[in-house]
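Two complexes are shown next, each including subunit A; its partner changes from subunit B in the first to subunit C in the second.
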Partner chain A sequence: MDTTMKKLPPKPIEWKKRILHWAIAIITVFLIIWSCTGIDFGGIKETAGQIAGAIFTGIFNPDWSYIYNGTGEDLVSQLWETVCIAFLGTFISAIISLPFAFWAAHTKHKKWYLSRLGKIVLAVIRSFPEIVLALMFIKAVGPGSAAGVLALGFHSVGMLAKLFSEAIENLDDGPNEAVTAAGGSKMNIIMFSILPNLMPALISNTLYRFDVSIRSASILGLVGAGGIGYPLIIALQYRQWNRVGIILLGIIVMVIVIDAISGWIRKKLV
Partner chain B sequence: MNSTDPEKLMTLPKKKFKFWNLIWVIIFIGGLFISTGVTKTSLGAFFSNFGQFADIFLQMLHPNWAYLGAVIPLLLETIKMAVLGTVIGSVLAFIYALLIARNIVKNKTVTGILRVIMNIIRTIPDLLLGAIFVAIVGIGPVAGILALAICTFGIVVKLFYEAIETIDPGPIEALTAVGANKLQIIVFAVLPQVITYFISYCLYAFEINVRASTVLGYIGAGGIGLYLQQTLQVFDYAKTGTIIIVIILVVVLIDYISSKSREALMN
Partner chain C sequence: MADSAVKPIIELKNVNKIYGKDIVGLKDINLTINKGEFVVIVGLSGAGKSTLLRSINRLIDISAGDILIAGESITKAKGKELRMLRRNIGMIFQSFNLVKRSSVLRNVLTGRVAYYPTWKSTLNLFTKEDKQRAYDALQQVDLADKVYSRADELSGGQQQRVAIARVLTQNPDIILADEPTASLDPQTSRRVMQDLKMLNEKHGMTVIINLHSVQLAKEFGKRVIGVRAGEIIYDGKMSETPESTFNQIYSGGEKDE
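After this line comes the complex of A and B, so read on.
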């Protein structure tokens, strides 16, 4: 019996690929080492563990009198305000996004540079910091949740219009041609072919953006644009750690509930 | 009337009335009214004060280029924060995702509890994490890095564990059959199938981190946001404009590079 092991042939070596991979790996390692230079890691406060502990105790021993007391300054009213900011902001941005989406969708233009330009405009809107936008609106309409609504409404256009334009690009030409063949006008094409085909994607993308907006709306309060962020930053400044804990818990519950509801609606749609 | 009635042919067929659609529309319109009331938003106030808004915007469009020299060092710090946050977060996510993938860890209670923890971590927005870490560890880039690391963790761990769960079970069974231990199964059966996905998700998280890190400084968590806050506080919008233009350029550039390399990776 032949007991010698059969050896597998060595793997073929692709030098070009191997050199490329090593180059990328070395560059990445250098990037990480470079990132570690010049950052002062020693500045951590000694009380760090204590504070983190206090916030955690706040989560598990909530201050019940703060959750709801009917004054409008309590946790539930602030969370409700946050949800309203997100809702209205998403609605405004959905309306503004539609024309932008048709502008950025390349299937709607004969000239390629028009849609490219639209995409660049959307990228710039996306990259414009939301907080700065909120501060600009605070200058215009005063501090409060109205500024938050407007900031969210304009900022979300960058992402929502991009998703919409992708939905438009994915549309099938067939139904349009069918309507035209049956003697339909341009208006009929929009009414009976484009809108019904586009609607599920529009609603589902808007719902997705609503999930994101809820998170953004809870941030905007940090600069005074309404919502739950404001009491949070006040509690952090006054070192009321258990209040920080209960606000965090409130945000977590709110986000989970909203995600569940919008996920349920999206499932019903599709 | 019969079906060949020309009157009937001229009109469009009636759509079937859907009861639930009416309910949704009512809920939706009610929501609009309620939220307008709660937030006290009025477009009238916005348009009457539009001059002020436009004025700030125009001042930002005349950037102060002399300020660029001061901006660059903090910009580099911002990118460093994003890199470190991504690295720390994705290393944690790598280990955690292996622990919650049901085709690697068979114990449903363990994966279930770990998944609930993951979902809770994912809900907290980046800037709030930043604000909390500033309170915990003090003002500086360390707070920002920790906030970014947790955000990265939330993004990568979800995508990565879903990728792990969709792999081909064949190689795992083959390795189990020849008596390999858990570590060998992970290294030789699981990782070769998912490692490109993992790198792609890390790059995706890096894009998001670059975006997030630019404003973290606003609340004292390090990076270019610090100057954003300083210039906005003294109403020096020309300088704010410079910072914003730099931020947009860097973000768009990094987005472009990262999405191109992700495409190259997937092919």
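After this line comes the complex of A and C, so read on.
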């Protein structure tokens, strides 16, 4: 046995890296302090404690009678409308996202600027918050769930198409090559090799987006685009804390249930 | 050339391939392969075997020269013309390249795509005869019972045989096989090589195989082409190839790169 092994040499000191790391740390701390000074913190209102207390009593004493009363204005109907808005919005956006995803995937073009352009377009779409879109669509189609569906459908394209395009970029090129070698056209490649291989990613990303859309749909009502948000803001304005309580509980239950279901389906897909 | 049996089906004329700026992939390749030949291309990995094979059906575009398939230039072909030339050239890959989530039948039918207008194949409107043809092909590789299985349920050797059924269904005149046995065990490799031999002998297809296993090359090859550093350094009948030639082909690998 050779016993003359060399000792592990000490790690070389890289001054450049060290200085860079320290600089980044100092700048980060500075940014945090600076952003704190920018906020106008007017102190807590005197009534804050009272209102917080009221909300808490409201949540613990929810207005059970609101759950279902058959008028279509009750909690269950409103939650159902919220789910429908999220579902339709996600479904529409998933379909619109597919062509965008192929546009933005860099593996599908020989010219790099085409996919870059697609990615920029998606970033622009993403940068409009759904609340802003909802306000715009309310002007176009009037208040109600239709505006909510359109707002969600449009906004989700930005994120879904980006996720889809990344999934396309990660696909193995081998099966595509096989279709090409058999004399297949680009459309043949998409239909025979890309889409079947992409299916799990498509479904799981769409389900994930549905989760997010449910949450978005519950606040769209605040601006009048349908769903549970509308009764929530009314109840808040009229200080019906019991009703606020039951609505919040309803949203929590809805989100948990949808999360569990979509999580279960996604697990099955792998 | 008067002999009708000796008809060139693939002709490479002064083919050069340069990757990037100055990495030589192929250097002045002149090669003629006749109809019905069974050719093995041997050489170290990185020698240019894959580049040579893939330039024949233009999965790789060459930098200079011309490649003729049955007298027609594939280098200049475009669009539909290129697809029709490719339809006549089947390909087998090292990693099988099946669509894993699709059924074996659909994978085999993929070989027929170029025989249909796109909208028909998209809607899965394959004719009864073609479905039967696919099933016949599966029977020839002994996988008839797997026809409705998902491709990823099959073992590696079975997947490669599905790929062979795919080219059989495509019914080309030429088969290119790029390291078809590299990810298989010796026994399965032999089985796959036998299937390729069957394509050559029974269906009269011209088969060109890249191999790095000298043993399989010796066992199955009829004509050997040795490639080193992007050049053809040997071309001859397997039966007349001395052992020293293989040493020559497989030497000097280290000093490349």
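Following the convention adopted for this analysis, the second predicted complex is superposed on the first by the 240 of 270 C-alpha atoms of A that agree within 3 Å, B and C clash if a C-alpha of one lies under 4 Å from a C-alpha of the other, contacts with A are read in each partner's own complex, and residues count from 1 in each chain.
The definition used in the following text is that a residue touches a chain if its C-beta (ideal position, glycine included) is under 8 Å from a C-beta of that chain, and two chains touch if they have at least 3 such contacts.
Because the structure is a prediction, the values reported are computed rather than measured.
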Partner chain(s) touched by A:85 [first = subunit B, second = subunit C, both, neither]: first
Subunit A residues touched by each partner, larger count belonging to subunit B or subunit C: B
Subunit B versus subunit C as contact partner of A:193, first or second or both or neither: second
Which superposed partner A:257 touches (first subunit B, second subunit C, both, neither): neither
Touched partner set for A:140, first subunit B, second subunit C, both or neither: first
Contacts of A:269 with subunit B and subunit C, given as first, second, both or neither: neither
Contacts of A:29 with subunit B and subunit C, given as first, second, both or neither: neither
On subunit A, the residue positions that both subunit B and subunit C contact, one per complex: none
Touch list for subunit A against partner subunit C, complex: 172, 174-175, 177-185, 187-188, 191-193, 196-197, 199-200
Footprint of subunit A on subunit B - complex, ascending: 31-32, 34-36, 38-42, 45-46, 49-50, 52-53, 56-57, 77, 79-81, 83-84, 87, 119-120, 123-128, 131-132, 134-142, 145, 211, 214-215, 218-219, 225, 228, 232, 240, 244, 247-248, 251-252, 255
Contact set on subunit C toward subunit A in their complex: 57, 59, 83-91, 93, 95-102, 106, 110-114, 118, 121-122, 163, 166-167, 170, 176
Residues of subunit A defined as touching subunit B within the complex: 31-32, 34-41, 43-45, 48, 51-52, 55, 80-81, 83-85, 87-88, 91, 123-124, 127-132, 135-137, 139-141, 144-146, 148-150, 215-216, 218-219, 222-223, 226, 229, 232-233, 236, 239, 244, 248, 251-252, 255-256, 259
